[in-house]
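The structures come next, written out as structure tokens.
Presented sequentially are two complexes of chain A, the first with chain B as partner and the second with chain C.
Coming up: the complex of A and B.
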């Protein structure tokens, strides 16, 4: 067999790749047939509910479960983070931390059992004011979180006798003195929660010594390790399954301590266990994205090109006290001179976890707002200022891409027609309108992925891969790649994903999955096809390289009479199925996938200056992504990302009670998310210049979820002429900013 | 120094100043539950908001004023003890529901929700437990053709009534339009949305885009499929569903 050259079909030959293909499991999802972890009911299962700590910072002294144990139907009370009688108190650092689990015959009984637990707490002082750096310093709740400085070479180096910091300070101040425009501002973005609609958790049972877990996870292939480590068994004794997952967004990579508790309770009771968080617990401990606040000073030349950036930002990732990574400040833009510093704030909250495009949305929202304030100060067009500053960005090779994307975005949102200087637009009653921009970047390198492909002698095709479909359409893409490669209709391939018993595939995080499964499935299919071609070539007495697979046939290129049906060809395999396992390792050089995208988003908003309510009129997303796999689901990803950006820009925020530290809006009636009527007109544009397809597949999940917040914040500033510094731009904050500006 | 405050007052503010598009038009509460909750409250039968099950296992009051038709065994002593015109149902009892055209029997306590019965006794898991207070719409089902949240509806209150869940809509045009327009990502909210759309279109078969934007705000999608759902519903009104 000749060595296989991996490649993608040319555009005009592709039947499925790059086309609009409906997701294969759409009907199952729409009619309730799709079974999620929460939906799986095992015979004789017990349902677990847990008591979440009602205090942000306390010691748990003791637990009295006697009343709980008397509730008919309660089977077991299990301490999670609480002391056994006689043990030392357990310190708790986050509202919602699970203390005691109750396993019972029904959810209602478990909940009743939880309500009857009597717990003694010793309250400790809490701190949750993540926006207030001075208060955090006074309470010794800060941690250094990195920083650095870079000055243009022409400025030179400090002399041997100079104090380095003093010298740097002097040079930075000189740069500001030389600047034509200086902007000083503070900006912020609150913590938000993942709020997966299917809460975190598992439905599991022991089969002898083997743990069989249905787990709502983005990491099917590697969650077994987490269970095994904690339970002191080996990973080969744990099977993890997840056919469908009700949202993850970066928060579902591990068993979590309640998953481990479920396994322990299952062991103790000898019964299957269903343990998923309540809504309140999902918001409190199921995952959150760190906040970010910043003091910025920037200096620009007469053209509005930023020459010096000086910032100090802070925020909280919970009680581990980290903040948004300093490496991305200012975001995308990179002036020749910059100094930046970060401080983490220790608050009594659950530690944050990855959130779609970790660090990027916050960095974008609190730095590109400063660039827009430069436009406001200069009374210049924001689009021009963004375009001019493309001469100093962190990936200079992308500046033309951004320029083109900004041009396309401006056309789509009718920038020239609707633009007015900041605060100078027409007023209709109390309503003003405005435009804003954000730009972003992301890697999107393919993750490692292996795929076992079986071709049966009767023509049946099935694949096995331990990946997962978060709702991005992964399952459909696996089938598309196989069907395209083998020349079969998409219905002819049976794709199996969502089990740790299948060949390894990397976790779905960081926009790595579409590349991963495209790599592994294309490779497996091309290799299988090459073997099949050898068999067919012998039978037809033609060279294998002259064969092609299309329309359910294997035929000689240019000689349609010389062909075999797929089924006939497969009958040549013999009695055992033809099996190939492809192996793709992250970072392997490949013509099938690559990385690094740009992208821009623009927003047009209306602001009611009497009520402070902001409405989206229109948003535009311009996005490059290499080779588009499924045009339909790729479009959905971007629509969804725009809506998530609207959510974080206008609606959602974790609110901690300043006195008690409690997370007080942990239900969906008070943790506000946008509804269908809140989204305005959304326009998605795939940026596909001539060479784009040749880049291969690049992940798409994160990039469009980054710059919408900056675009909306800038549009509100353009509308009102007033900067509302902190996202979400709630009516109160809009009104506060308008009042402050009036003086 | 210091960005704007995120203090507790924001909650009140964001609840008071709700944009006018933020409405909950199509999805009604179970028609009798809200009424019954009021009657139960003085007896302290309502548990805290944190609890998923809003009613005690002890008792379920039935009254002529509550317009409930429950064909179930009623303990006569408790019924006599209650106020005139009211009856008390207590303990576990069997009821019959007509679900998707089939008569099905469930064992329920007064506190058992319709959602619990569907998911745990009938294994109809399309309706989802997302926000048991009902603000997500994920547990939407039809009762007598009306959209109702199964998570806030007590099973006893719908005994004998016709319940339609998303599982019966396989041949309906709504799921097909959802597939065609990719109006789903993770899919956890989708069944609730499908039922809400069915109820909405039954009432407003010729809805304009503006009416659709105003009328489907009882359901939450976290992945952000609203744009696709809007396209799907517009296509259903137009009578074609071409993606």
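Coming up: the complex of A and C.
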């Protein structure tokens, strides 16, 4: 067999890749036939409910479960984060932390059992004011979270006798003194939660010494080792399954401590266990995204090009006390001179976990707003200021890409027609309108992925890969790649994913999945096809390189009469199936995938200045992504990201009681989210210049979820002429800002 | 959720009997859109749940000899919207349309909506209606709490979105129990009260009593409207609301009724504001003045001063809307092109 050269079919030859293909499991999902972890019930299972700590900061002194144990149907009370009799108290640092689990015959009995637990707490002072740096400092709730400085070479170096910090301070101040425009501002974005529609958890049982887990996970192939580590068994004794998942967004990579508790309870009781979080537990401990607040001073030249950036930001990731990573400040833009500092705030909240494009949405929302305020100060067009500052960005090779994307975005939102200077638009009654921009970047390198592909002698095709479909259409992409490569209709391939017993495939985090499965499935299919071509070539007495697979046939290029049907060709395999396992390792040089995308988003909003209500009129997303695999699911990925951006910009906010620290809006009736009527018109544009396809597949999960918040915040500022500093831009905040501006 | 007995009576008498059994904590179930959530959160822990929706007499929308329309306690919001007898109550329909959830419209009942328990997060977290005599709200996050009627320990806002419009329409409720054959007709406005002690509810219903009907009188030629300040298009609780009913003769308001929602522990009847409107033409200025008057006694908590403006705007817009004018907010169709508004006077024919 000749060595296989991995490649993608040329555009004009592709039947499926780059086309609009509906999700293969769309019908199952929309009819409820698809079984999510939450839907799985095992024979003789017990249901577990857990007591969440009602206090943000306390010590659990003791647990009295005697009344719980008397509830008919309660089978086991299991301490999770609570002391056994005689043990030291356990300190709890977040509202909702699971203390005690109750396993019972039904969910209602388990809940009743939980309600009868008597727990003694010693209350400790809590702190949740993550926006208030001074208060945090006074309460010793801060931690240094990095920083640094870089000055233009021309400025030189401090002399041997200079105090370095003093010298730097002097140079920074000189740069501000030389600046034509200086902008000072403060900006912020609150903590939001992942709010997965399907809560975290598992339904599991022990089969002898083997743990079989249905787990709502973004990490099918590697959740087993999390269970194994905690339970002191080997990863080969754990099977993890997840056919469908109802949202993860970066929060579902591990068994979590309640998954481990479920396995322990199953062991103790000898019964299958179903343990998924309740809605309020899901919001409280299922995952959250850190907040960020910033004081910024920037200086720009007469053209509005920022020459010096000086910032200090803070925020909270919960009780571990870190904040948004300082490395991305200012976001995408990188003036020649910058100084930045970060402080983490320790609050009594569950530690945050990855949320779609970790750090980027916050960095974008609290730094690109300062660039927009520069435009406001200069009485200039924001689009011009963004364009001019492309001369100083962190990936200079992308500046032309951004410029082109901004041009396209401006056309799509009709920027020139609707633009007005900040606060200078026409009013209709109390309503004003505005435009805003944000730009973003992301890597999107393909993750490692292996695929086992079997071709049966009867022509059947099946694949096995331990990847997962987060709802974005991974299963469909796998089938498309195989069907495209083998020249078969998409229904002719049977794709199997969602089990840790299948060949390894990386976790779905960082926009790495579409690249991963495209790599492994294309490689496997090209290899298997090469083997099949060898057999067919021999039979047809033609060179294998003259063969092609299309329309369910393998034929000789240019000789349509010389061909075999797929089935006939497969009959040449013999009695055993033809099997190939492809292996792709993250970072391997490949013609099939690459990384690094740019993107811009623009928003047009209307603001009712009497009520502070903000309404999205239109949002435009311009996004490059290399080779587009499935145009339909790629589009819907971006629509979803825009809606998430609107949610975080206008609605979502974790609200902690300032006194007790309790997370008080942890139900969907009080945790506000946008509805369809709140999204306005959403326009998605794939930026596909001529060379884009040649870059291969690049992940799309995170990038479109980054810059929408900045675009909306900037649009509100453009509409009202007033900066509403902190997202979400609730009516209260808009009115407060308008009132402050009036003086 | 605690285990409970479930009863499904088919007559009003059976229902009263089931609700009044001694030593049983009972709850009335109709649509369940509020009750079930509260039971799951263990805020309501009834021993017995009595489902009244199978009682035939409660399933109807009927017109009596006086022209009043009787809405049974099992009638859902969607059925009210679709019923021809209710076309004369546009302000109520406007609010139901704003409860933009097909599930709530189809499952939730009109009477249940009137009795929805407060959305106050301290109440729903199990701290009681008064949440430590108002201290938790005062020291806590009170962005959605009361700006009026908040000088006692109660700081929550009444949760009903329909009550303001129905009160302006002069609606009454029929209440039965706790004794067999005991029945009373009460002004809807009098159903509500501001609790002063932990033992009191936000309504006057006694254990064993329940509302069987809402009775809405015929409206005559009054102009009615409701305006809710909503952050988004979802079914979330509005930030402030007002309903208005006015008699306009020869361009001048003769009678007016103005009720605010989401601002106080009860629907808030703005009598002085309504009085101020009488004898005037509805104009931008008079509507704004009435809005201003409606919140003149407001006393904000630490985080909800913005609600004073919202309540003021809600009243102003409800008045304008009742008189048939553009409210000037985001409800105006977009895109917003500059237009020359005809003067208000030319509209009053």
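By definition in this document, the second predicted complex is superposed on the first by the 743 of 743 C-alpha atoms of A that agree within 3 Å, B and C clash if a C-alpha of one lies under 4 Å from a C-alpha of the other, contacts with A are read in each partner's own complex, and residues count from 1 in each chain.
Simple rule for what comes next: a residue touches a chain if its C-beta (ideal position, glycine included) is under 8 Å from a C-beta of that chain, and two chains touch if they have at least 3 such contacts.
Because the structure is a prediction, the values reported are computed rather than measured.
Q: Per the overlay, which chain contacts more chain A residues, chain B or chain C?
A: Counting residues of chain A touched by each partner, the higher count goes to B.
Q: So, A:428: does it touch chain B (first), chain C (second), both, or neither?
A: second
Q: Could you say whether A:384 touches chain B, chain C, both of them, or neither, answering first, second, both or neither?
A: neither
Q: Looking at A:641 after the superposition, I want to know if it touches chain B, chain C, both of them or none. Which is it: first, second, both, neither?
A: Touch status of A:641: first partner only.
Q: Where does A:195 make contact in the superposed view: on chain B (first), on chain C (second), on both, or on neither?
A: After superposing on A, A:195 lies in contact with chain B but is clear of chain C.
Q: Looking at A:664, would you say it contacts chain B, chain C, both, or neither? Reply first, second, both or neither.
A: In the superposed model, A:664 contacts both chain B and chain C.
Q: Classify the contacts of A:675 with the two partner chains as first (chain B alone), second (chain C alone), both, or neither.
A: Touch partners of A:675: chain B and chain C.
Q: I'd like to know which partner A:736 touches here: chain B for first, chain C for second, both or neither.
A: Both partners, chain B and chain C.
Q: Let me test your reading of the model: by the given contact rule, A:632 touches which partner, first (chain B), second (chain C), both or neither?
A: first
Q: Mind working out whether A:69 is in touch with chain B, chain C, both or neither, as first, second, both or neither?
A: After superposition on chain A, A:69 lies in contact with neither partner.
Q: Both chain B and chain C contact which residues of chain A?
A: Common to the two interfaces on chain A: residues 108, 111-112, 115, 280, 611-613, 615, 651, 655-658, 664-665, 667, 669-670, 672-678, 730-732, 736.
Q: Can you list the chain A residues touching chain B in their complex?
A: Contacts found on chain A: 20, 22-23, 25-27, 29-36, 38-39, 41, 49, 106-108, 111-112, 115, 131-134, 186-188, 190, 195-198, 244-249, 278-280, 293-295, 470-472, 611-613, 615, 632-633, 635-637, 639-644, 647, 651, 653, 655-658, 664-665, 667-670, 672-679, 682, 724-726, 730-733, 736-737.
Q: Show me the residue ranges of chain C that touch chain A in the complex, using the header's touch definition.
A: So the residues of chain C in touch with chain A come to 1-3, 37, 40-42, 100, 119, 121-122, 124-125, 136, 139-141, 143, 229-236, 239, 303-304, 306, 309-310, 313, 326-330, 332, 334-336, 338-339.
Q: For chain B, which residues count as touching chain A in their complex?
A: That would be residues 1-11, 13-15, 17, 19, 21-23, 47-53, 57, 109, 111-112, 116, 119-120, 123-133, 135-136, 138, 165-167, 169-170, 174-176, 178-180, 182, 184-191, 194, 212-214, 216-230, 243 of chain B.
Q: Which stretch or stretches of chain A touch chain C in the complex?
A: Chain A residues touching chain C: 108-109, 111-112, 115, 280, 426, 428-431, 433, 606, 608, 610-613, 615, 617, 650-651, 655-660, 662, 664-665, 667, 669-670, 672-678, 730-732, 735-736.
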